[in-house]
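We call the chains A, B, C and D, going by the order they appear; numbering starts again at 1 in every chain.
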Amino acid sequence: MKEYIIEKVKSIFIVLVGISLLSFLLGVVSPGDPAELSLSKYGYSPTPQEIEARRVEMGLDKPIHIQYINWVKNILKGDFGKSFSTKENVTDMIIRKAPVTFKLAMYSIVITSVFGISLGVIAGINKNKPIDNLIKLITNILFSLPTFWLALLFILIFSEKLGILPTSGDGGFKYMIMPAVSLSLITMSTTAMVMRSSMIQEFGKQYYTFAKAKGISKYDLYIKNVLPNAILPVLTILGNFFGSILGGSAVVETIFALSGIGSYAVESVFSKDFPYLQAYVLLTGLAFVLVTSLVDILIIIINPKIRLKGDIYE
Amino acid sequence: MIKVSNLDKSFGDKKILNDINFTLKSGEILSIVGDSGSGKTTLSKIILGLIKPDRGQIIYEGVDLVNLGKKDFKKYRKDIQIISQNPSSFFDPSMKLGRSVIEPLKNFKLKLDDEKLKDLIEEFKLDEKVLARYPHQVSGGEIQRLSIIRALLLEPKILILDEPTSMLDISVQAQILDILKRIQVDKNMSYIFISHDMEVVEIFSDRVLNLKNSKLI
Amino acid sequence: MGDIIFEDFNVNFETRKQNVKSVRDMNLTIKSHKITGIVGESGCGKSVLSLSILGLLPDYAKTSGNIYYDNKDITALANRVREKYLGREFGYISQNPSESLSPIRKIRKQFYESLDLVEKNKAEIEKKSIEILKELGFEKPLEVLDKYPFQLSGGQQQRVLTGIAISSSPRWIFADEPTKGLDENIKKDSLELFKKLRSFGIDSTLVITHDIDFAKNLCDEVMVMYSGQIVEMGIDVLDNPKHPYTKGFIESMPSKGMKIMEGKTLSPTEDIRGCRFANRCGCKTKRCDLESPKLYNYENSQVRCFLYDKGE
Amino acid sequence: MNKILGKLSIIVLIIILLVSIFANIISPYDPNFQDKENRLSGFTQEHKLGTDPLGRDMLSRVIYGGRSSILIGVLATLVSMTIGSGMGIISGYFGGRLDKFITSITNIFQALPQMAFTIAIAGVLGPGIKNLILALVISSWAGFSRIVRAEVLKVKEEPYIEAMVYLGSSDLSIILFHIIPNIMPNIIILLTTRIGRSLLSIAALSFLGLGVQPPNPDWSVMINDARLYYRSYPYLIVVPGFSIFITILSINTLGDYLRDIFDIRSEEII
C-alpha cells in the first residue's frame, strides 16, 4: 500500500512536470514575437527599442531552460503573465471564467454518470431483450452525433420552435440545460455501453452463479453483488471522461456564448493571446490529473484487494 | 546429466527455494514432489534459464548454466525442454497447431523431418487432422500429446515434466504417462518429474526427492 | 416426495457452428434422503445436469423434456416461480471456491443475504451465522465474517460457501466438483465437511465429481456418466464396476495401477446409432454399433451395456 | 441484427467514399460557384438541396464536404496508430526502464484533455491540412500506446510466450509472430473507433475555424458558415450535419460489428 502510494505520487509529479513543459513549449513554438505581441494594441505599433526593452523585461533574452524555470516559478506564485490582447492578468481572467466551465463540467459529469450507469445497468440485466436493443440503438446514435451540430439543433428546436429554453448567456439552471446535455451525450452513451458490457462480463463469473443460486432478490443480486464489481472499470472511464468534457466545453461554450475558460481559449487562438492559451492547457491538464488521481484513490477504497494486502485470516 | 547445487531463490522477503541440491542421472526419472507453493515451478524455470537463482550452480555438460549469457545459453536450450500442466495455454491461440508444433525447429536451424512427425503422430495415437486445428478446438489430452511432440522434435536430452497431467482426466493421465514412459525407455532420456501426487510418483519414477519448506529432503 | 425425476431430458448448446449435445435422453430418478454422486470425466455433462435442475444454465442452452420435483414439472414453471426454489429448496455449492464469492464484499454481507431468506431478525441472523461457522470448524467466526474472500484459504472458502448454502435450510444441496483444484490434505477436510451436512438437517445431497475416491467414501449411491448418458448406477458401482467404461475408468487410477483405456470420448456434437462407448470398448460386438443400449438391471446395479441384457 | 447493421455500414461507407472520390463527376455544380441570383434559395429544381448565403449549391458542397475531413481523419489516425502501437509494443514487451520512460511520456500526453490540447496545438501551428494532422497526431498517439501496451502485457503474461523463449525464439520473432497477431483484432477495432473519434474532433475544430478552412467545401465549415442564418434556414445545417452523423455512425457500427466478429469486450478498447 505504502509503496503503491509512493509510486503514484512519483508518477503524478512526472506528469505535472511534463504538462508544464508541454504548455511552456506551446508558447515557444507559437508564431510571432511575444515581446512585440505583448506591446501591440489596436492601431499602435511599438518601436524596436520598446520591443527590445520588453524582451529583457520578460526575460526572453535568457536561455530557454532559464525561461522555463522562471515561467514555472511565476506560475507557482500564481502569475501566468499578462494577456497579449486584453493586457489583463491571465490569472484574473481565469478566476473570472473558471466557475462557468466548472459548473458546466459538473452538470455534464452528473448527467454522464447518472444516465450512463443506469442505462447500462438496465441494458445489461435485460441482455438481448427489446429494452436492451432499444438502449443499444439510442446510445449508438447519440455516440455518433457531433456535439456542435446537436447543440445547434437543440437551439433550433427548444429555443426557436418551442421557445422554452434560452439560447445563450450565463444565467441560472435553465441556461445550463442545453449546453450540459449536448456536452454529455457522447460520454453518457459510452458510459452506458461500457457499463452494460461490464455487467455482462460479471454474469459470466462463478460468483454470479453462486449468488444467483442463493435465491436472493433481483435487487440484492444485481445491485449489491454485481454492480460494485461491474462499476470498477466504469469509474476509471468516468475519470477519463472528465477530460473529454473539459475539452469539449470549448465548443459548447462558444455556441451558447458562455464566458467560460474554453470559449475564450478559442478566441485566444485568433487573437494570438498565447499566455492565456498556455494557462488554459496547463490548468485543464492539472484539473484532469487531479480528477483521475481521485478516481484511482476511490478504486483502491472500493477494492479491498489492494487496500488489505497481506491481512489474511489464519 | 545435470547437477544442481546450493540453489537459493527468494521473491521479495519470501524464500522460495533454500539450498537445493540434487543430481539427475542419465536415463532416469527423478521425481520432485511437494505441496503447492513449495517452489516446484520456480525450480523448473531456473533450470530452463527463464529466471536466475540468487545463488547456486546448475552443471550441465561441464558448464554452469546459471552464469551463461543469453547467447551462450542458446546452445543448451534445445537439450532441456519442459512439458507443463496447462498445455493449452502453451500454444499460441491465433496459430494452427501444426504450425506451432514445427515452429521451434527453425529457431535451432533444424530441418523438419516429415516422416518423423508422421511417426510421432501415429505413435501418440493422434488424428492428423488436429494439426489443422486451433488450440481451443482440441481436447486437453490431444494438446498435451502435441506439446510432447513439439518438445521431442527438438531431440532434447532432458525433459522436465511439470505436473503434466494434473489438469487432465484420470484415464487421459494414464494414457499420457504411458506414452512418456515408452519414449523415455526408447530414447534413453532423463526426466525430472514434478508432481504432488505420491501414487503417480511411485509408479512412474526411479527416485523421489521431496521438496518441503523449500528444502529437499 | 422430494425425489428429482428426469424424463426424456436433453440439453443442447447451440452455437453458430455446432450443436453440442451435453445431456442425452436422460431418464433418471435421483432419490431424496441420500447422498448421490454423479461421477464422470470432463465434458461428460455432469455439471450441466446439476445446473439444469437448478435452472442456472446459460441463456444459449436449449433444453427439452421434463424434470419433476414434488410432482411438479419444474422446467415448465415461469422463471420467476422457478427462482423461488433456489435457496429455499435447492442449495448450491459451486466449484472453484476462490471464484465463487464476490471479491469486493465482506463475507458478512454475503452470508447474511442468504440467511435473510428465512430469518428477518438482524440479531438472530448474526447468532445463526456464528453458529453455522463454528459448526464448520471456524474458531473465530466473527473475524471470518469481517474478512474479504481473498483473505481466506481455499479450504476456508469452501467451508464458507457450504455455510452460505445450508444457511437458508434448503432440502437439497448440489455440490459441483467440491475437490477440484484442492490440495490432498484439504480434500480430506472436504470429505468430512460433506459428511457433516446431515447434522445440519440436510439429508438430500447430489455431488458432482471426477474424484472416484471422494465419491466412494461419501456417497450412498453413485451414477457414472459418460458422453451425456448415465452408463451405470447403483450402491456399489465403484467397488464392483460392471460397465466396461467404469472398469476402465477405475483401473486407470494410479492406485489401481494406471492401466490404460485407449481412445477418446466421442465428441458431444456427434450422433451415432449404437453405444457411445463402443469405439473404445474391448467387449464390443456387432450389436453395439447398431443399437443403443438401455440401462439393464444386473445384481444391485443398472448398467447401460448389452453384456447385462438378459432379454427381459 | 449486428450482422445486418454491420454489413449495411460497410455499404454506406463505400458509398460515402465513392461519392467523395468522384465528387467532381457527380456534383451538379462547382462547389464554389456563387449563384448570386439565388441565395438561400430553399429546395428548388435547379438546387435540389438549396443554396447557401453566398448562393453556392448545397448539394454539390455536401458531395464534396467529406473529402478533406475523411482524408485528414484517416491519415492522422493511421499515423497515430503506427507511432502509438510501436511505442506500446516496445514498452509492453521489453518492460524495465524503457517501459517506465515511454509510460511516463504517454501519461504526460494523456494528462491533457484531448480537445483542449488539440485546440491549442492547432491554434499555435496555424491553419493547414498538414498542421491539422500534426495536431491530431500529437494529441492522440498516446491513447494508442497506452491501450496497445496493456494488450501486449496481457499477451506477454500468457505461458505460450514464455514457452517461445525456451523453444528458442528471438524477441523479434516473438513480437512479429506471436504478439502482433494476437493483438491485431484489438488494434483493428481501435483503429476503427479512433477514426470515428478523430472525424468528430476534426468536425469540431473546423466548426470553430481551426480545422479545414473556408471556402473549402466541408460539412463542418458549411455549418459554421450558416451560423448567422440557420435559425431561419435550418436546412443549411441539417443536411451537412446529417452527413457527418451518418459517416461517423457507420464507422462506429462497423467497429461494433468487428468487435462481435473478434469477440472482444468493449471496455477494453474505447
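To be clear about the criterion, contacts are C-beta pairs under 8 Å (C-beta built on N, C-alpha and C of every residue); 3 or more make two chains touch, one makes a residue touch a chain.
If you're wondering where the values come from, they're calculated on a predicted model, not measured in any experiment.
Trainee: Which chains does chain B share as contact partners with chain C?
Mentor: Both-contact set = empty.
Trainee: Check B-D against A-C and say which one is joined by more contacting C-beta pairs.
Mentor: A-C
Trainee: Could you give the separation in Å between the centres of chain B and chain D, each centre being the mean of its C-alpha atoms?
Mentor: Taking the average C-alpha coordinate of chain B and of chain D, the gap between them is 49 Å.
Trainee: So what's the Cα centroid distance for chain C and chain D, whole Å?
Mentor: 53
Trainee: Among the residues of chain D, which are close enough to touch at least two other chains?
Mentor: Nothing qualifies.
Trainee: For this structure, enumerate the chain pairs that meet the touch criterion.
Mentor: Inter-chain contacts occur between A-C, A-D, B-C, B-D.
Trainee: What residues on chain B touch chain C, complex-wise?
Mentor: That would be residues 35-36, 125, 139-142, 169-175, 177-178, 196-197, 199-200, 202-203 of chain B.
Trainee: Inside the complex, what are the residues of chain A that reach chain C?
Mentor: Touch residues, chain A against chain C: 127-128, 205-207, 209-216, 220, 224-225, 228-229, 232, 302-305, 308, 311-313.
Trainee: If we count contacts the way the header does, which residues on chain D are in touch with chain A in the complex?
Mentor: Chain D reaches chain A through residues 1, 104-105, 107-109, 111-126, 196, 200, 203-204, 207-210, 220, 223, 227, 230-231, 234, 237-238, 241, 244-245, 248-249, 251-253, 256, 265-267, 270.
Trainee: Mind listing the chain C positions that touch chain B in their complex?
Mentor: Against chain B, the touching part of chain C is residues 41-43, 183-184, 210, 212, 248-249, 252-255, 257-264.
Trainee: Can you check the complex and tell me which residues of chain D touch chain B?
Mentor: Residues in contact with chain B: 158-160, 162-170, 173, 177-178, 181-182.
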